[in-house]
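One chain, chain A, appears in both complexes that follow, with chain B as partner in the first and chain C in the second.
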Partner chain A sequence: MNHFWAVAIKELRQIRRDRRTLMVMLFLPGFFLLLYGYALNFDIRHVALVVQDRDATAESRRLVSRFVESTYFELVGTATSDAEIGRALDSGVARAVLVIPEGFGHDLAQRMPVTVQVLLNGDNANTATTVLGYTTAVLREASIPAGASVTTRLALVEPRIWYNPELRSTLFLVPGLIAYLSMITAVVSTALSIVREKENGTMEQIRMAPISTPAFIIGKAAPYLVLSQISGILVILAAMVLFGLPMQGNWLTLNLVLAMFLIGAIGTGLLVSTIAETQQVAFQIGSLVAFLPTFVLSGFIFPIASMPIGLQYVSTVVPARYFLIALRGIVLKGSDLITVWPSVAALVVYAFLVMGLASLRLARR
Partner chain B sequence: MGRVLALMWKEFLELRQDPRLAGIILVAPILQLTMLGYAATTDVHDVPIVVVDGDRSSQSRELIERFAASPYFKVVDEFLSPNEVDAALTRGRAWLGVIVPIGFGDSLQGQGPASARTVQVLADGTDANSSGVALAYAAGLVSEFNAALVAEQMLMGGGGAPGGITGAVRVWYNPELVSKDFMVPGVLALLLLLITTNMSAMAIVRERELGTLEQLHVTPLGRFELILGKLLPYGVLGFIDVLLVMAVAVFWFEVPLLGSPVLLLAASAVYVLCTLSLGLFISTISHTQQEAMMTAMFFFLVPMIYLSGFIFPIENMPVMIQWVTTVIPLRYYLVIVRGIFLKGVGFDLLWPHFAALAVWGVAVLALATARSHKTE
Partner chain C sequence: MSSIPAGDDPVAIRVEHLTRRFGAFTAVDDVSFEVKRGEVFGFLGSNGAGKSTTIRMLCGLLKPTSGRADVGGIDVGRDPEGVKRRIGYMSQRFSLYELLTVDQNIRFYGGLYGLSGERLARRRTFTLEMAGLVGRENVLTRTLSGGWRQRLALGCALLHEPPILFLDEPTGGVDPVSRRDFWRLIDDMARAGTTVLVTTHYLDEAERCDRVAIIHGGRIAAMGPTRELKRALAARRARADQDVLPTLEDVFIDVVTDAAGAGATT
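Let's turn to the complex of A and B:
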């Protein structure tokens, strides 16, 4: 027990000397929170639209103003030739181009079907899909002839959204952010702190000292666990104050889940430290193991249901996936431990596996 | 020159000290490509939904059939009572519940209140982005259903087919709208940043940490030779990855490379100047490798990745933040890479971005060199 304290105090001193690491762990999450809250979203508005109006009638101008009034599009210019259209799309000035053919107004008045051309910049497939949807919606509305539809009775839709009625991406991204930041800090700092001892040759000294492997591991891990835990809770508190994140569930459950996730993350860091010989390599492995899967395969931003089936299987070994389910459940839905227990169980299993494996590898040396 | 080569050689020898490095240089790009190429899609499809058909008329059947036939939805269960929908949403079995009310069919024929033809769509809003998209799809399906209804009624009324406006949509650059064509070229930018900036910063700080930087200072190496010799090896590693990623992107992911590969390599060279300068700059403000890593990762790399348009479109950001993004080199490189890959555009359209990168690189290099002069 004393040995554990000795290692932990030594580690804390080292962290304290490294002010920046401390700052990163405690204050940077706030910065990211602001970023997420204000800067990042997928809501697509003000799509840059260039129009070529070959008809130039009241009808064609009405169609253009329908696009603008939808608030999805913003008219950034007009084109007079195909070359200009090409240039507008190539240079990225326009994301969408609307070409209204000659005779548009006449045909529409005659109740004849007319076709307008819409060119979309598809480089970003996600944005383009959304823009395509907006275009179809605007055209569909414009198609309904004045005075029709009164006689027909249409099915109506009443959407009701639970847990996050305004569909604010912040509420959904914040739990992901906690997973992401704590995974990186916990994995990479733990890995680096041990590999540094190797690089500086102080690992030998520790090995000579009468410290058992468990005492060493716990002593190394505990300071990072405590710091990451505090940092995770700070993010949630900040999100509650700044963005009105509802904390529906129980704080105790939340802390428990967070701790389980962090133990797994620190275990991963320990495991990385047994593989790498230099801090550079430890960082690269650590960021590969922590950064990418947590970012891409956890359901943080990209929905797992849309992934190819092979990667869906891979995502089942990413701890952040379970952490996110549990965290979103607790924070947004107010789930209790019983509802989220499958995810918590997965986290516990992961933590035990990596910690066990890391201890075995550390003890063998 | 000979001295620079000697220092580069020393750096390579030191890199070989950890045999795993070579593996990382090869494995990292492949892993990133696979994950970002296959998994990084915000496309929403196969959304699990549950349905309740309270009416059991031919109209309600038809509407539900439309949901079942749509690639966007996957009907995981059909319930008899709306109450069961609640449990399915809470447990996360379904993201959406579609409830067709009693009297739906009759109400569409004009017999019954409007509430009877109101389809309820319940959504789990926890995943705001996907739910929003799924809701839009659901509304789209219902309006398609309506359009079919209107067409049918007009035909029966003898009014002939309705006129109306059709959009002939053509999507340029990525006609099938596959996300991988957008994400995979972006990996180049991400990878170069991760490999060159971090590793070069850590390499220099490591010499300082171990005290060997002093020794290098007393050698006859000039300041520039020292900087060049320390940085270039990482530039070389970065370029190996550029070639690897280009090959995998084109031959495995079949991303079209419409523009000039030479121009792409030239752009990568200018970009690597930026990333290496940034690495050097970080090394001048860090004392330990851990500090360098943390600084690089959290103060530079991650914010840059988010604000560069790599995933989140810049045009969606508030204007203030859009201003901030103009100082991020990654942004310009992404425009160049995607422009060359997908649009096949040349230097005539891309030069402003090249210029921005070059200015940034030279400015940061000058700043970092000046600082390293002061600190040592």
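Let's turn to the complex of A and C:
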């Protein structure tokens, strides 16, 4: 216990004098949240819409105004023929065309299945997918009676579900950013702090002392856990202020989940430090190890369900995957600890594994 | 907890057939020697001769492949942690934390060895006086020059009053005056009963040791008081002018070239 405190106090004193590390840990994540948060936004507003209303009834006009009132669409014109529709899409005047067939109002009144057609410009698959989502949402909200179906005809569009129920991609992406920024902060700062001791020779001096490896590791990791935790909470608060991330759940649960995730991240950083001999290498390996799995394999951007089966298995050892499930659950749905328990358990298992492995590797003689 | 019964064994370090291999490479090859209590024992050899590997095994940092070493009466292979409590270690890197003050460094290393309260205060005062840093307790370590750092590092290695001290090339990058002062400290400590094992490739430093072992290719090529090693060489050369002894450098070169010639046996 005394050993733990000796190491932890020493580490805190070092960090306090090392302003750069402190700034990097506490404020850089917030800055990156701002950058990525605005850049990684799939939301589109005021989509240029051309309408061909072959029905021209009160019902068909109501549907058009639904589109406009949603603010996702802006009515830029009407078309009277198929040729005009083609021209509108070709010239880029319209990103989307809504065709309401004759008899729409009549069928609706008769509670018969109605069909409308939506044509989308598919040159940018992401945008088209987003617009498709809006269309579907507007049509659903337009309370078309049960049995109504929507036909969409698209070119080059791969239908994938990117959205949360509110159709705001930010709400889906920001938790991923929080996971990535927390991960990279914890991994890199921990790895650097150990490798710095290797470079300065103090690591050797500590190994010559009668201090157990776990006491050293825990003393070393504790200050970084506290700092990463503060940093993570700051990023979450920033996400709420900047991007309107809701907080439906319990802060205590969120802190617990974040801490478990960070312990695993710090263990990962310790593992990286056993491979790297210089701070430069530690930084590069640390960033890569934090970046690639968290961005690609956690379900941050690419849904796990759409990955090849092999990658899906690989993703089961990526801690960010479980953190994301728990984080989205807590902030978006208000899930409690019992609901997110399986994810927390996975994070705890990961933390124990990497900490144990790092302990073994650092103790090796 | 602090005072360890030293026993009556006049031998502080006993090494028998110590060997360490890294894969196919044998870094330390069947090395045996003894160091008496209060002796200053020098390990002389060029880089890669096996000095550091030997020291690391004696400090409990590296497991011997075979052979045995008792340090302070403890088997290094069995109880490396017990050995660590009984030894002080200082390397040429003067492993101090540059972003901590002199005082914070002392407190950290004191904490590593479980010192606290009155004992820590007493040892802290001792270290500050020995290093000549009284009044500069709150100076950042990175602003200290080489000589000060060296003495502070030595003080930190001695905080727990170890009966045995390992010095791994302790005077690298230090000016001559500081080196002389440093060796005076070492002599004083040896007189007070501390056993010192020092590795070096400075021949003038080796001269200050009671005995030296010249290491070459992982083996001890020659061992004894420097004066005897010189005499033995002079006798072998059967020089006419017997009163002009060869220097330690002559001995070193003779031993190393000899060992290189005979080294092809294994």
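Rule of thumb we're sticking to: the second predicted complex is superposed on the first by the 235 of 365 C-alpha atoms of A that agree within 3 Å, B and C clash if a C-alpha of one lies under 4 Å from a C-alpha of the other, contacts with A are read in each partner's own complex, and residues count from 1 in each chain.
In this text, contacts are C-beta pairs under 8 Å (C-beta built on N, C-alpha and C of every residue); 3 or more make two chains touch, one makes a residue touch a chain.
As the structure is a prediction and not an experimental result, all values here were calculated from the model.
J.: Under the stated touch criterion, name the partner, chain B or chain C, that contacts more residues in chain A.
T.: More residues of chain A are touched by B.
J.: Using the superposition on chain A described above, determine whether A:I211 touches chain B (first), chain C (second), both, or neither.
T.: In the superposed model, A:I211 contacts chain C only, not chain B.
J.: Looking at the overlay, does A:A6 come into contact with chain B only (first), chain C only (second), both, or neither?
T.: Once the two structures are laid over each other on A, A:A6 reaches chain C alone.
J.: With both complexes superposed on chain A, which partner does A:T202 reach: first (chain B), second (chain C), both or neither?
T.: A:T202 sits against chain C, while chain B stays out of touch.
J.: For A:R61, decide between first (touching chain B), second (touching chain C), both and neither.
T.: neither
J.: Just to be sure I read the superposition right, which of the two partners does A:R361 touch: chain B = first, chain C = second, or both, or neither?
T.: After superposing on A, A:R361 lies clear of both chain B and chain C.
J.: Counting only touches as set out at the top, which of chain B and chain C does A:F302 meet: first, second, both, neither?
T.: first
J.: For chain A, which residues lie in the overlap of the chain B contacts and the chain C contacts?
T.: 18, 200
J.: Tell me, which parts of chain C touch chain A in their complex?
T.: 59-63, 80-81, 84-85, 87, 89, 91, 93-100, 104, 107-114, 116, 140
J.: For chain A, which residues are in contact with chain C within the complex?
T.: 2-3, 5-7, 9-10, 13-14, 17-18, 200-202, 204-211, 365
J.: Would you mind writing out the residues of chain B in touch with chain A in their complex?
T.: Where chain B meets chain A, its residues are 15, 17-18, 20-21, 24, 27-28, 31-32, 35-36, 38-48, 63, 89-92, 104, 107-110, 114, 117-133, 135-136, 138-140, 142-143, 145-147, 149-150, 153, 161-175, 177-179, 181-182, 194-195, 198-199, 202-203, 206, 209-210, 286-291, 293-295, 297-299, 302-303, 306-307, 311-313, 315-318, 321, 335, 338-339, 342-343, 345, 349.
J.: Could you please specify the touching residues of chain A with respect to chain B in the complex?
T.: Against chain B, chain A makes touches at 18, 20-21, 24, 28, 31-32, 35, 38-48, 63, 89-92, 95, 107-108, 110-130, 132-133, 135-137, 139-140, 142-145, 148-149, 151-165, 167-169, 171-172, 184, 188-189, 192-193, 196, 199-200, 275-281, 283-285, 287-288, 292-293, 296-297, 299, 301-303, 305-308, 310-311, 315, 325, 328-329, 332-333, 335, 339.
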